[in-house]
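Below, subunit A partners subunit B and then partners subunit C, in two separate complexes.
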Partner chain A sequence: MVVQLAWASLRRHATRTLLAILGVAVAAAMLLDMVMMSTGLRESFRELLMSRGFQLRIAPRGTLPFDTDATITGVSGIVATLRMNPDIVTISPVLGSTIHVPIGDRTFTSATLGADPAIQGDYELLSGRDPIARDEIAVNDDFIRATGVRIGDSMRVATGYDPQLRTYSDSRTMVITGRVRFLYGAANQLATAMNLPTVQEMARLPDNASLFMIKVRDDVDVEEARAWIEAEVPRVSALSIATALEQVDQRLSYFRQLAFILGTVSLFVGFLLVTTLITVSVNERVGEITVMRALGVSKLHIVQQIVLEGVVITLSGAIAGLGLGLVTARYLNSILASFPGLPVAIDFFLFQPKAAWMSLGLLSLSGIAAGIYPAFRAASLPIATTLREEAIA
Partner chain B sequence: MTLVEARDLARDYRFGADDVHALRGVTFDIEEGDYVAIVGPSGCGKSTLLNLLGAIDRPTRGSVTIRGQAVGEMRDREATLFRLRNIGFVFQRFYLMPTLTARENVELPMAEAGLKSAERAARARELLAYVGLSHRERHRPTELSGGEQQRVAIARSLANRPAILLADEPTGELDAKTGAEIIELFGQLNRDGTTIIVVTHDEELAGAARRKIHMRDGRIVDE
Partner chain C sequence: MLAHLAVAFLLLQSPQHRTIAIDERLAQDAGIAIGDRLTVSARPGAPDGDTVIVSAILKRSADPAEIARSEYQVRMHLDHLQSVASYGDRVDRFAVATRGDSAIESALRDINAAAFGFEAHRSRDIAVGTSRTFQVVSRFHKAIGVITIVASAIFLLCIMLLKVEERRRDVAALRLMGISATTVVKGVVAEAALLALVGSVLGVGVGWFASQLINWYYQGLYRSPLYFSLITAEIVTFAVGLSLVLGIVAGFLASLRLVRTPPLTLFGR
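Moving on to the complex of A and B:
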């Protein structure tokens, strides 16, 4: 009968109930998006860093990978030192540079990465083959779209532009061997890949690297390996996934704070909405509730009925909000994908079942809390006095 | 056999700075199977007395005992259970649940008492037949006339086979013809063994009772 009465009460003012559910759905969608944003960005970054299995990155001391133009000198010496550690299984030095490609009457400027294609962890080959020879290059889709080139085409590639003399330090004809997707590439960024010695030669940095990507054995403590590298090669900073995430956390703390504040506001708005609706509904039914008490219906059953009404509204709103939140997150993600300086592969709103359950759980709790006060107040009204007042009213 | 014993029953209310003495020491007994009308002018304490007998209010002084149980001393939970099992209420304004059908309204106290669905449906049908509303069991209160609503309320009051039926102005909202039908129904109920205490201004309803208690200024003045 408790369920029947709660259901009948919700149906009695169907439009009002529906509007309340929609209100809760909006609050729930917002809450879900904020929870997804606060945890998703970090998780997405972690997944990205781990995507090719490299647990460590080595950058010039005091910098983050590709944070500055600084490079590490003496690559061969560092590689030799790192090979002394049997825990290190893969060492991939990477050099970043800028290339200029004149096509027709335009010159396109693009980022380029030099790495050993056999072990690199910066891009994936979509079609064609890796650039192996010194006159070979692979390009990304943004580059293809901007320049109109195709696999198999040849093009002039220059480096070391001197703005005063308007000359290049190196220029050569290269063949496009493949189409690649850069894992850490930003939106609309023109990017290319070559063999490491080619980039070192063209950039006139014959034994330099911007960073090293390192794989250690799975049974090894990554932090121990990190400490060993920094001790053996003091002029570099070694970053594990954990330390990189700490840096990310620091840089993205504003996002998390924003997400926390907006999420809390959403939860509170949902709570107030349900409390207001239940309070109004209870005030309208004071006479009925008091009569039920007079007939012998227990306080507990009255409270259960009213709380159930709040829970039904909240849960219905939360389920609708789940769908709405996912749609909104997808839309916002597409906007934020072009956020400057962040890899396009980063998801700001990463759906995690745990986050969805957390949102649903928080909302359900708020729904129960929203119903308790008006329910308890209604169930505790003095029966005789309330009936007299109702009769007078 | 004595069903109700009221002894020196008093009830004071506080309205702002004033104390209102709604009941000033009322003593009487009611026998099982009795049909009592409590009459008197407005504000004389009739409804207050009914509330005390129905365990929905507590006396300031004195005691009420129903079937040997001290009603005035019960805690809320005890009093709720006592009302459910022993008291049937009929109100002037019917107070049916608007979202429930006639049969569901009658089933409400039985559901609270824990009767199984089939059992309470059968009893509700039986009670609706008793008050002459078999054909209206699926109607909601808004689809019923005042007299029909009061009949459903009477059926509801009998749901858990109460020891006593308390009615507060049960004909107050009805026209003369419908009121007369309700008076007839009360007479029938009493003849079938239900103990009835009714508070009323209605001379005809009071006249139908076997016994009249006259009240004035919170006291019994005549019987």
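Moving on to the complex of A and C:
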């Protein structure tokens, strides 16, 4: 009975109901996007950092990995120190540099990473094989697209540039052995990988590394290992996933705050829209509601019917908004994916069922809240007076 | 004044020490004051650092590029930095001022033709190249703005529909008295325009207040004099114009629906 009456009332003003559902759908889409953004960025970054199982990173003191050109000297000494700790199971030193590749009349500049292919955690091999020998190099798809090279091709690679003579120095011929995808690579970034000693030799930094990636045993407290490293090697900063996420939170706090503000505004707009519609709808049906009360329909029954109308509008809008939200999230993510320097694998809008349930829950609550005031107002009308006024009208 | 005298005194006492300037955030965080002695080096923890005296504390500039990277800044004399960083007689770039904008093209041409080993760029081109972060954020804000406009349009249409439908009996009476449908539509549209105008003026006020709040909060958070939210005459004109257009369209559609219904039906007969 309650459901039938609520449904009849909504159908009586179909255009109005449809517009309200559309309005709630847009608000719900925005709310879902903002909930996704507030939690997704952090979760996406955490997943990325943990993707290869390295729980710790070591960078030059006071810096974040690859945040500056600073390098850590004495790699072999640091590795020897770290090996003294039985909790540390894998140590992967990485050196970043820049290479210049003249092809035809053009010169391409690319980032390069030197690491031990057997234990590295920076890239995944897509085809071919890892660069092992000192004249071998692996390249990413952006590099292949820009230069037109293929696996098996040879090319000249230089690390130095003499501005006075406008010539490249430390040049050598290298063979492309594989196609790789860099986990932390930015969008459209040309990048290559080599063996660590090759990059150290070419960059003339024979015992340097830009960072160390560390795996500790699973049953070990990562924070304890981090503190041990910083105590043993005071020249470096050791970063756990938690500390790295804190840094990311600080740098990208703007997006979380924006998500909170816009999410709150969306929820409020949806609430306001449903409240307005239900209030007007109740005002129009004052006579009808009073007649029902005069016939013996209980106050609770009236309240249930009106609240149900609000919930139906809100839930219908929320379900439509879920689809709309996923489409807009994809579009907004494509805009933010071109953020300079940010890994392309990072999703600002990461869909998590928790986010969808949270949005749906918040909207349902606002839908119920939106119907409560007009419902109680309608159910509390004095029957005789209202009937007389309505009859005169 | 006293601080400068103290620095002058220290310089007389130790003429071998060079002076540096640091930014106010570093001074605040590290508790450094004018006249303090510091050790600077190009590498963290290097034992061969150079002792310097802080001679000035600088106010941070309103540079958007500094926001994302919350770095401290130190200003040194060029030869001093070259020595500390073992940079030799090299610099990263030269800043060149020309006699007016008209001289830029010829200066670029002359430098690029004569110089061997470097290239001249317009400052404007470099600014465009280094402001990609803000271009991305700007595109993101525009996309959010479009979604907000769609939501506002639907909201406004809903409200206008309700406002007009509340007056079903008034409109029916007017129509039965012989008032034309055009006059009724004009009346409703005028009312909608007035509502939109009043609403947008209120919105400008709320927006101005929000803008002040945003600037106060983010200037404090990032310790920067940068304006994070700016309300310009163009933005106000666009917002008010858009509200008016949306209001008028919503009013027109709602009233059209009403005048197409027979007056007796509007009366519920």
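Just so we're on the same page, the second predicted complex is superposed on the first by the 389 of 393 C-alpha atoms of A that agree within 3 Å, B and C clash if a C-alpha of one lies under 4 Å from a C-alpha of the other, contacts with A are read in each partner's own complex, and residues count from 1 in each chain.
Keep in mind that, in the parts below, a residue touches a chain if its C-beta (ideal position, glycine included) is under 8 Å from a C-beta of that chain, and two chains touch if they have at least 3 such contacts.
What you are looking at is a predicted structure, and each value in this text was computed from that prediction instead of being measured.
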Answer with clash or fit: subunit B and subunit C placed together on subunit A by superposition. fit
For the overlaid complexes, name the partner, subunit B or subunit C, with more touching residues on subunit A. C
Just subunit B (first), just subunit C (second), both, or neither: which does A:Gly62 touch? second
For apex subunit A with the CA centres of subunit B and subunit C, the angle to the nearest 10 degrees sits at 90
So, does A:Ile319 touch the first partner subunit B, the second partner subunit C, both, or neither? neither
In the superposed arrangement, which partner chain does A:Ala369 touch: subunit B (first), subunit C (second), both, or neither? neither
First (subunit B), second (subunit C), both or neither: which does A:Val220 touch? neither
Between subunit B and subunit C, what minimal C-alpha to C-alpha distance in angstrom results from the superposition? 9
What residues on subunit A does subunit C touch that subunit B touches too? none
Within the complex, which stretch of subunit A touches subunit B? 1, 4-5, 8-9, 11-12, 287-288, 291-299, 301, 382-384, 387-388, 390-391
Residue set of subunit A touching subunit C in the complex reads 13, 15-16, 19-20, 22-23, 26-27, 29-30, 60-62, 67, 70, 73, 163-166, 234-235, 250-251, 253-254, 262, 266, 269, 272-273, 276-277, 280, 283-284, 328, 331-332, 335-336, 338-340
How about subunit B: which of its residues touch subunit A in the complex? 47-48, 51, 54, 56-57, 76-77, 80-85, 87, 89, 91-93, 95, 97-100, 104, 107-109, 111-113, 156, 160
Would you pull the subunit C residues touching subunit A in the complex into a rising list? 43-45, 68-70, 116-118, 132-133, 136, 139-140, 143-144, 147-148, 150-151, 154-155, 157-159, 161-162, 165-166, 218, 221, 257
